[in-house]
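Sharing a structure with you now.
First chain written, first letter: the chains are A, B, C, D and E, and each begins at residue 1.
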Amino acid sequence: MSLSVDIAHRLGSFDLNVAFEAPAGVTALFGRSGSGKTSVVNAVAGLMRPTSGRIALNGDVLFDAKTGPEQPPHRRHLGYVFQEARLFPHLSVRKNLAYGQRFARPGAERPDLKTIADLLDITPLLDRRPGTLSGGERQRVAIGRALLSAPRMLLMDEPLSALDAARKADILPYLEAVRDSAGIPILYVSHNMTEVARLATTVVIMDAGRVVKAGPAEEVLSDLDLVPMLGVRDAGALLQATVLRDHDDGMTELSIAGGTLFLPDMGLGPGSRTRVRIMAHDVILADHRPEGLSALNILHGRVIALRDGRGPGVIVRLDCGGDTLLARITRRSAQALDIAPGREVWAVVKSVSVARTDIGAG
Amino acid sequence: MSGWLGPAEWQAVALSLKVAFWATLLSLPLGVLTALALARGRFPGRQVLNALVHLPLIMPPVVTGYLLLLTFGRRAPVGEWLAETFGLVLAFRWTGAVLAAGIMAFPLMVRAIRLAIEAVDPRLEQAAATLGAPRAWVFLTVTLPLMAPGLIAGAVLAFAKAMGEFGATITFVSNIPGETRTLPSAIYSFLQVPGGDGPALRLVAVSIFVSLLALALSELLAHRAAKRVAGR
Amino acid sequence: GKAQEPVTVFAAASMKTALDEVAALWARDGNPPVRIAYAGSSLLARQIDQGAPADLFISANPDWMDWLQDAGMIRESSRRTLLTNALVLIAAPQTIAPGTTDGTVTAGYDIAAALGDGRLAVALVEAVPAGLYAKASLQALEQWDVLQPRLAETDNVRAALRLVASGEAPLGIVYRSDAIAEPAVRVLGTFPADSHPPILYPAALLPDAQAGAAPFLDFLSTPEAKAVFETQGFGTDPHP
Amino acid sequence: MSGWLGPAEWQAVALSLKVAFWATLLSLPLGVLTALALARGRFPGRQVLNALVHLPLIMPPVVTGYLLLLTFGRRAPVGEWLAETFGLVLAFRWTGAVLAAGIMAFPLMVRAIRLAIEAVDPRLEQAAATLGAPRAWVFLTVTLPLMAPGLIAGAVLAFAKAMGEFGATITFVSNIPGETRTLPSAIYSFLQVPGGDGPALRLVAVSIFVSLLALALSELLAHRAAKRVAGR
Amino acid sequence: MSLSVDIAHRLGSFDLNVAFEAPAGVTALFGRSGSGKTSVVNAVAGLMRPTSGRIALNGDVLFDAKTGPEQPPHRRHLGYVFQEARLFPHLSVRKNLAYGQRFARPGAERPDLKTIADLLDITPLLDRRPGTLSGGERQRVAIGRALLSAPRMLLMDEPLSALDAARKADILPYLEAVRDSAGIPILYVSHNMTEVARLATTVVIMDAGRVVKAGPAEEVLSDLDLVPMLGVRDAGALLQATVLRDHDDGMTELSIAGGTLFLPDMGLGPGSRTRVRIMAHDVILADHRPEGLSALNILHGRVIALRDGRGPGVIVRLDCGGDTLLARITRRSAQALDIAPGREVWAVVKSVSVARTDIGAG
């Protein structure tokens, strides 16, 4: 299961020239407004014909500028959640949802309309027309419609941007389940680093029509070079973790390369592997192992690199028993604690700061 | 009211209704196809087709009727072929009146439908395609319902025009009572003789009444369709 | 204020060819040109009734002239019968029909048989003068009942002529003046003049016609003009 | 080509162009207003107005022309009033031909414009209003440009219809050379006499040529307008 | 400067019944998808006529169901940024922006098109048509269009949801400036608590067509009762602060009721008053004053209340010299540190965790 994209196209004065691989799992397209994310997704869906290049899904060539006719959109079987919902105004919500069902590939696992409607909290809307829905309701119906077409791959262009935190928290686990169980790859456009960090297995960073960096999420998101591009607020590291045991008080104990972590219960059994994201600004450094703090997670590590940010902050890259951890502290603190490459430090991570939506199965 | 119009007049009314009905119904699918080709097609003969569709509007009806006669008449190649192959005779038959009325109404119908097609948001059709729907299905379930208001407008224009068509009809299929003597032919006859104004105006009133009924019906349908299209 | 306008003639459409030629003669003689509006007699009569700016009216049948006269819309004194015409039976080139004796269509001539399975093209028999005359003749020849269901009525004579010329109708009944000008049809015979009311083309000046109109009306009866009309198949002697 | 048509025929061509041009131009604003009232209005007489607009399509043209004569004729009250108050004489003048052609083309024009208005997204008009634009300004700067494709379609239908209109025109203004003898009337005159088919068909060709020119022009304009409306 | 809303309306089966006051500054409408936010804004703008009630802006009655005709939308002079951009497709971006300029109220301060276009980073798009813009670009043009109409009040329905962090960071300060200098009240719909916390002076929480809570931002956002509704992630406190001095290393020292805070330079002069937001999950509690930490801000406080959340977390409400502070810690930590009402604790706040976008002038 893998999508390979290598295309070039010109839109007015905008030059799109991207190549990346989207392996199984979620590939996040991340980039500022106007960087070409929607254009890439349109090309994959077959709604835009690039001037040159090639797009293939699991070896099935969707488009090749050299070898002639591309596959028409309806043969591609890609569930596209558009940036604007694009619901069919003349059909009820129910019929909108069901629209793609009849064209599901034979043999594909077909999700159930009722299940999806409940998940998306749109069951009370089923008999309404799209014209009367609120912005977020529309977006949820659009997500449901794409899911129900039983696609080979999901293309999601900022699907959750119109949704409140509670709704997001309901939908994200389902997307994770789609990613993991159904083996359907997802191409996911988002500005929201929390979403990206949670879902993405692969991250493609775009800028001005070019791919700036692409690779496994852990690698890309903890790349210090990308901090200015991702935004300092969104810098952080993804760590592979294994569940050790679940405690009675609702905490789960995880083992990572550099020690153990306590996180709120994730409902995973012991032995499961998972990913946790630790934001750089959620890490406090100490020159000794601190005691008597409410923070449960204290990791020992060694400073690898420092990078000055804009303003009075620095980003510190730590090696914690093999894992990379980022910490964002003030220059003043860095001086006070004498932070320099090679220095041994303790990283204080509030367990709850590794929030529910930042925990994703990997 | 049966005393108000004679049996011959009632016959003309019934015939006109029949002709207008079939002319509208039969030209609708063709009108949709043509409008689609004109609105979306990118083939070389597009402008020629467009011109052709508009011809009946531009040419005097008599000329259109005469051309029909030269094409579909009994002695004309197409007419002969139709008669031999399908047993379909048009000249001097009510079927020919349907053809004449349909052709005269065609430009009006196509224009309305074409406008409606052009107003359909292609992004919705794209959305349907990404859901796996083949082009024909997209057309049937998305494009067609969304252009319903224009379809209705086109149909009612065509019906009204077909009810009123005279020149091409009488030229092509003549004026045979019970077969091709439509309402407008009857009206024309009355207007030709001194003192015929009264009966002529009575028939005009019937014609107006019928057409306005169709109009009112279409408004109702169009209103519903517009609401649907707006998604409410 | 119509003094500066040219003399306007309202004339039956079927007279166009002949009347245009006569008008050209009139203008060639150095007279101020006239302009001629052609349309169906019924329409022209109604328009005159509604105050049309015409000076002279030439009708293709007396009924509408009578109608105007009753309404006081013409100068009665100026009314005259300008032309006459005859009714003929014509055949399409490919029609195989027996000839008539002496070129006259008589009661013994079986039009229905000559028609085969085709239709007889005529102008509207209840409305258009040529159709009214044709009906009268067929009734007089006692063929009406047989032929009535086999008619192909048209809105004017010219259309009936066209049906025959194109072969759509094997036979038709039209004016002699029409048949003469159409080489594609063959005249089988003339209907007896007494089988139908006389076919007359009355002309009259309108009450406030310009001074230039009367001389033109007079010109229409000059031998020069008559010659033109006669070549076009009209009769110029109303009292034969 | 001047040898191909005589001066009288050229005169008819010029007159028809003049009549069709003015008929289209003058009825456009009224057509827009009417379409607007029908598409958006919520007044009691709406259905009556709708019926009225469609009448010329339903009634035989001759009847329409005759009604015009009875209303705007020299002897008719409205006609007399217009002549006395504005010095505007319509009956038997080319101005009357403009009126007749305009009225006959009106239903076609209004239908096209109305369809276009109904396709305009009211949410854009709302957006304009929240920016402080009064209704008239919103109409001029948002609604009107967005319905341009329909406006163009309406205008070209009206023009073609006006070029081809015969029945109402000859009935209302007769067939006076140089004044009211339009192309269709000229064609009619030729078609009434044996041997006139040749010249008639030449005139038909001219009529088709002119109308197709207008059609091609309108397609170009409509294409641009559609691109604008799509925001590209 | 104040908007007062008190309306009732029925949309199908949805019942809207809200009353609130929006004083000068930014009033945030916050609530889940479908709770009626857009409907309220539409009523204020005059695009929806409520069945009953009254809407007034500074005593100018915009709508009163009792006393007859409402003011038409164009007389209200409210700049509305719609949830969907609603740009005029047939006009260039420049003309879209300028559309409202000619109707600006006489005497109103008129922002300059060039300035606004630069601010929104849309200057290169000025000659394009909306159809070719990306989702985020469209949204920025819509914001500019509303700002340039020199409105009496701004209505913004999730204006920044399609924008990346960097773009948000550019636009937010400008909205603050509008709020503070021009004295234009803003009604701001958002799901994003960071935005709300930064901008809002007043917060109105809606649920199912009703106002659940309305009041000053400090009060509403630190209301423990609302934690489940706002989402645990978004719990936090707003503190009033005064700038003491700016340090050479780019830090600003602020005085709050409970002590001093160090924050990255805010470009405010000494003496300015401002607001800082401290998220509950960014606070670590300690049973003694910790030393040798990279965190610069350590406040002393007393526990007022504890509230159990879903899962293994508790929210602790502290009194820090009069200010309220929220801390979110695990139940395990609470037990370990013996947290109970009355207990004295030290709250560790990473200075940088009070991020740039969480600092707003108050």
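Note that in this section a contact is a pair of C-beta atoms (placed from the backbone, for glycine too) under 8 Å apart; a residue touches a chain by one contact, two chains touch by 3 or more.
Predicted model, so just to flag it, every value in this text is computed and none were measured.
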Set of chains whose contacts include both chain D and chain A: B, E
Remotest chain, chain E as reference, centres from CA atoms: C
Cα-centroid distance, chain C relative to chain D, in whole angstrom: 35
Where chain A and chain B are represented by their mean Cα positions, the distance between them in whole Å: 57
Centroid distance [mean C-alpha coordinates] between chain D and chain B, Å: 20
For chain C, residues contacting two or more additional chains: none
Per-residue multi-chain contacts in chain B, two or more chains: 62, 166-167, 188, 191
Per-residue multi-chain contacts in chain A, two or more chains: 84, 132
Chains grouped in pairs wherever the two touch, ordered by label: A-B, A-E, B-C, B-D, C-D, D-E
Residues of chain B defined as touching chain D within the complex: 47, 50-51, 54-55, 57-63, 107-108, 111-112, 114-116, 118-119, 149-150, 153, 157, 160-161, 163-164, 166-167, 184, 187-188, 191, 200-201, 204, 207-208, 211-212, 215-216, 219, 226
Complex contact set, residues of chain C against chain B: 40, 42, 45, 63-64, 66-67, 119, 121, 124, 126-128, 151-155, 159, 162-163, 166-168
Footprint of chain D on chain E - complex, ascending: 45-47, 72-74, 76-80, 82, 84, 86-90, 99-100, 102-104, 129-132, 145-146, 149, 155
In the complex with chain A, residue positions of chain B that touch it: 123-124, 126-135, 138, 141-142, 145-146, 228-232
Chain C residues touching chain D - in the complex, by the definition given at the top: 8, 10, 13-14, 16-17, 35-39, 43-44, 46-47, 50-53, 156, 158, 161, 178-182
